[in-house]
Amino acid sequence: MFLGAFTWTEFAQQLAAGIREGAIYAGLALAIVIIYRSTRVINFAQGEMATFTTFIAWSLMNHGLSFWTAFPIVLAIAFAGGVAIERVVIRPVENAPVLTIVIITLGLALLLNGLMSVIWGGANRQFNGPFSTRTIDLGSVPISVQDIGIVAVSVGLVVLLALFFRFTKLGLALRAAAVNPESSRLVGIRVGWMLALGWGIAAVLGAVAGMMIAPVVFLDPNMMQTILLYAFAAAVLGGLDSPIGAVVGGILLGVTITLLGRYVGFIGSTLKLPAALLLILVLLLVRPGGLFGRVAVRRV
Amino acid sequence: MRARLLLELAGFALLTLIVAALPRFVSDFRARELAIVGMYFIALLGLSILTGYSGQISLGHGAFMAIGGYTTAVLSVDGVYGHQIRDLWTIPIAGVIAGIAGLLVGVPALRLSGLYLALITFGIAVSFPQLPKKFDHFLGGTTGKILNLAKPPFGLHTTTNNWIYYLTWGIALVLLLAAWWLVRGKTGRALKAIRDSEVAAASSGISLARYKTLAFGISAFYAGVAGSLYAIANAYVNPDVFPIILSVYLVVGLAVGGLDSLVGLIAGAGLIYFLQNHADTVARWLNHLPALNLDPKQPGIPSMIFGAVLIVVMLLLPTGAGGLVRRLFGPLTSRLYTRS
Amino acid sequence: MGARVLFVCGVVAALAVSSAGARPVVTPGVSANEIKLGSSVPLSGEAAIAGNVARGIEAYFKYVNDKGGVFGRKLTFTYLDDGYDPGRAVNNTIRLIQQEQVLAVFSSLGTSNNLAVRKLLNDAKVPQLYVSSGATTFGRDYKKYPWTIGYIPPYSEEGELYARYVVKNIKQPKIAVLYQNDDYGRDLLGGLKRGLGSKTKSIVASVGYDPTSADVQPQVTQLKASKANVLMVFAFGKFSLQAFNAVSRLGWKPQIFVNDVSSASALMAIVPQNAANGSISIVFGKDPASPLWRNDKGIKLFQSILKKYGSSINARDLKDGYFTAGMATAYTMVDTLKKAGRNPTRQSVMNAATHLNEKGNPFVLPGIVLHTTPSSRFPLTQVRLQRWSGNAWHPFGKLISAKP
């Protein structure tokens, strides 16, 4: 395979591409983490939920709305949808084995994917995001405004979430309900609704991620399928219950995969994903909760 | 206790009878379909030992099936030093090699818990298909490996489909018996103790590392055998024959069958085959519902049907078919218990 | 001597009479009023959209049936979902032969999926007709697999055509290649290299991407660093879109060639910022999304058939090239069945498929003749070059041959 000469310019470009790619994974990883925090479940439908809301945004914009008019409408729909999903299909099996709930999210993923194909068709579509695709030169490295925007949004979301969980009453209640439902109930927190709220927030995060990603990878019903795999890896790397971990994990993963694929000849494009997963496994052996996560320590 | 044993043995004898007689009542192609259900069943048995009995969730068992399938393909097409091995004899080898891979995965798995383990094993399912692409001289790349079509051996007069059916279900019954023996015995008790409380199990002298790794190895052996049979039945392997979704479907089958109900898994195996290959039949049934008119040939509709059925099944049977059976017959068996 | 010849002739004649008299020859899939054909295509999973090829075929066959069928027999077309999984394609194909008892398997989709069943079909002597894949092997390896025949121009020849164009028209070419790292991408790359011949060295960089990648920008970045002035995009669907996107974002301006499979108008039209302008590709089918064919008789026929005979058809399907591709193959299939005679057998169908001389297929470019012989099994090998500008492809030059 062609490796080519090493130049710092290209290295900087690859690094930028890796960070951008990582920010894409981070967006969805954040949503995965929020649901894991509130319900201890991994949501296989997270990707399809995000794509679905992005299609709704696409439809609205196709009917003449501007991105920023459509944006709040889509977020509201996403939130309502997330809450509704929790109430209708997750709530009834709350106390079932975790596998049962995981399988339901999987069923949801298949259902939504099929539904999107039926409603919007399987073709790729252009999605005009909020950011210009113009490039600006940093030194000799051309970087598009869009890429900077994607990274900024991911970082901004984490800051917002941190503030929400730390300083608002609702955020605190949400955390309490997840960590200790029994005691929370005693102090008057409506635990059931808190879990639904978690799903709503995750759906909103997914929708934002979808609308950021679609301009780059183009919109189709399967848009998130590969990205979901990477987002899972990012969430595990950062720690399944840590929002900051999701973003750091995502960007680390993006950079690692890009650089491994480019500069390690044996790995190339074929083995870059397995190689990254192997690295994550090694890290988990040292830190079983990921970079920022916590796992109840139990030594036996 | 003895009554329960007799009941289970009688159940097994009945199952054997049904398996032996079934091909007489169905078409030749249906026998092939049932054979593939049997392959899923074998893989699910292994998964049940791992998840149902030792509590470790694996979303990567498709990879162990792939290892089994590729072992059979390499041994029967390229052979060892040019000596091609008859497909039949590659089956145990495939199981053993997958089992060794399982043991290797089982060691790091000890350090991981719950959904972390699930996601890491999912990573194995995602990664495995890349290996044949990378080592294409040996494993055939995306072109894949074409096996010889399976033929009944020893001059048996039967169709290929019937042969694959009897081969698969013969192996399945033996492996069912082995799994049953295993989970009833010391190993099973140890595994269940670990699943219910690792701390308690360890303090009563059970070696966690040994049993958890063992469970991984055994379950991978089962998956390897299933993959080997699948390769023989299709006479073809390439990375797409063992797609990522296969690992997920196996877990679906496990949840539908009931985590620790060995026979319930037949229902799980049947469902994952049926939903993949007979979406048109399901659509016909569903179209009896008012205001519903699904065209199963429209892209997307088969996925919708699969997803919707899955959600409804899990909502109705949160503990799977095995859980349903326990709820229906629970009082009966407990009556039998007390009497003996 | 004479007596012996006479005797042999007598025996042969007697045998012929007795076998004809005993029972009429029964061909699977052919009855007094029906001919059954079958196919395995993805209707679920990632490639589900490509299953529209089979829906296009189904609609065309219904149209033909409405006009009396072929020699009075109606065509029945059974297509089964394989989710683009070769294992399921094998299962479907066995079901088609054994349960549905089709005369031939026709237009199954995907390279691996067809490779997986080729031996099986050839052993059972069931025709594997007009494979929906451009892998060269389906037309080339007829000695080993006499019951198999391809349809679209082989990928390797497509690569060669681009090479010839570059050698002839671009001074001091420095070629960068982005290819999908599998049989499909490598087939194209191999053809390109062969076409360059002694000038293979003008390929200054080639980078494969894996279909599990999220985005091909890193690969394009790497290719740009090679300072090439020509870029070959041998990709698939969204990856070619991403490639155009990355080229424009990196401020690179090479002459781009994009392979046929990823050059649908609907796809090209959504490339942002005119990054696709000036790109070159080949063309052989009529694209219903292209303004070029808006008033074309063939495309109008296509749309009227689809509206009347298709099932669950909506507006966007009328501009979907997969349906048109299906109808083009279906047209050739009907042609083949007519050629195979009043009482078609698997042998006579195969014979007809290898003696094609079809003119006027309304769903491919005007002037294309689909021609095969038993030793040249690439039915569709005439193509034109086309250039993308002003949001449409514009064919240029004469029909050229892509026959290996």
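For clarity, chains are labelled A, B and C in written order, and residue numbers in each chain start from 1.
Methods note: contacts are C-beta pairs under 8 Å (C-beta built on N, C-alpha and C of every residue); 3 or more make two chains touch, one makes a residue touch a chain.
Worth saying up front: this structure is predicted, and the values here are computed from it rather than measured.
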> Ranking chain pairs by contacts, what comes out on top?
Replying inline: A-B
> So which chain is the furthest away from chain B, centre to centre on CA atoms?
Replying inline: C
> So, what's the distance in Å between the C-alpha centres of chain C and chain A?
Replying inline: 38
> Taking each chain's centre as the mean of its CA atoms, how far is chain A from chain B in angstrom?
Replying inline: 31
> In chain A, what residues contact two or more other chains?
Replying inline: 114, 117, 122, 229, 270, 273
>> Can you pull out the residues of chain B that are in contact with at least two other chains?
In response: 126, 130, 133, 298-303, 306
>> Can you list every residue of chain C that touches 2 or more other chains, as numbers and ranges?
In response: 44, 48-49, 181, 210, 212
> chain A touches which residues of chain B in the complex?
Replying inline: 51, 57, 108, 111-116, 118-120, 122-124, 126-127, 130-131, 133-134, 198-199, 202-203, 208, 244, 248, 251-252, 254-256, 259, 298-311, 314-315, 318-320
>> Quick check: in the complex, which residue numbers of chain A touch chain B?
In response: 36, 40-42, 44, 89, 92-93, 96-100, 102-104, 106-118, 122, 221, 229, 232-233, 235-236, 240, 270-271, 273-274, 277, 280-281, 284-285, 288-290, 295, 298, 300
> Which residues of chain A touch chain C in their complex?
Replying inline: 1-2, 4-5, 7, 9-10, 13-14, 17-18, 20-21, 24-25, 114, 117, 121-126, 133, 135, 142, 144, 146-147, 216-218, 220, 222, 225-227, 229-230, 258, 261-262, 268-270, 272-273
>> For the complex, give me every residue of chain B touching chain C.
In response: 27-29, 32-33, 36, 126, 130, 133, 141-144, 146, 149, 161, 230, 233-236, 238, 240-243, 245, 276-277, 279, 295-303, 306
> What residues of chain C sit close enough to touch chain B in their complex?
Replying inline: 42-45, 48-49, 51-52, 54-55, 58, 79-81, 83-88, 90-92, 94-95, 98-99, 111-112, 115-120, 123, 181-183, 210, 212, 311-312
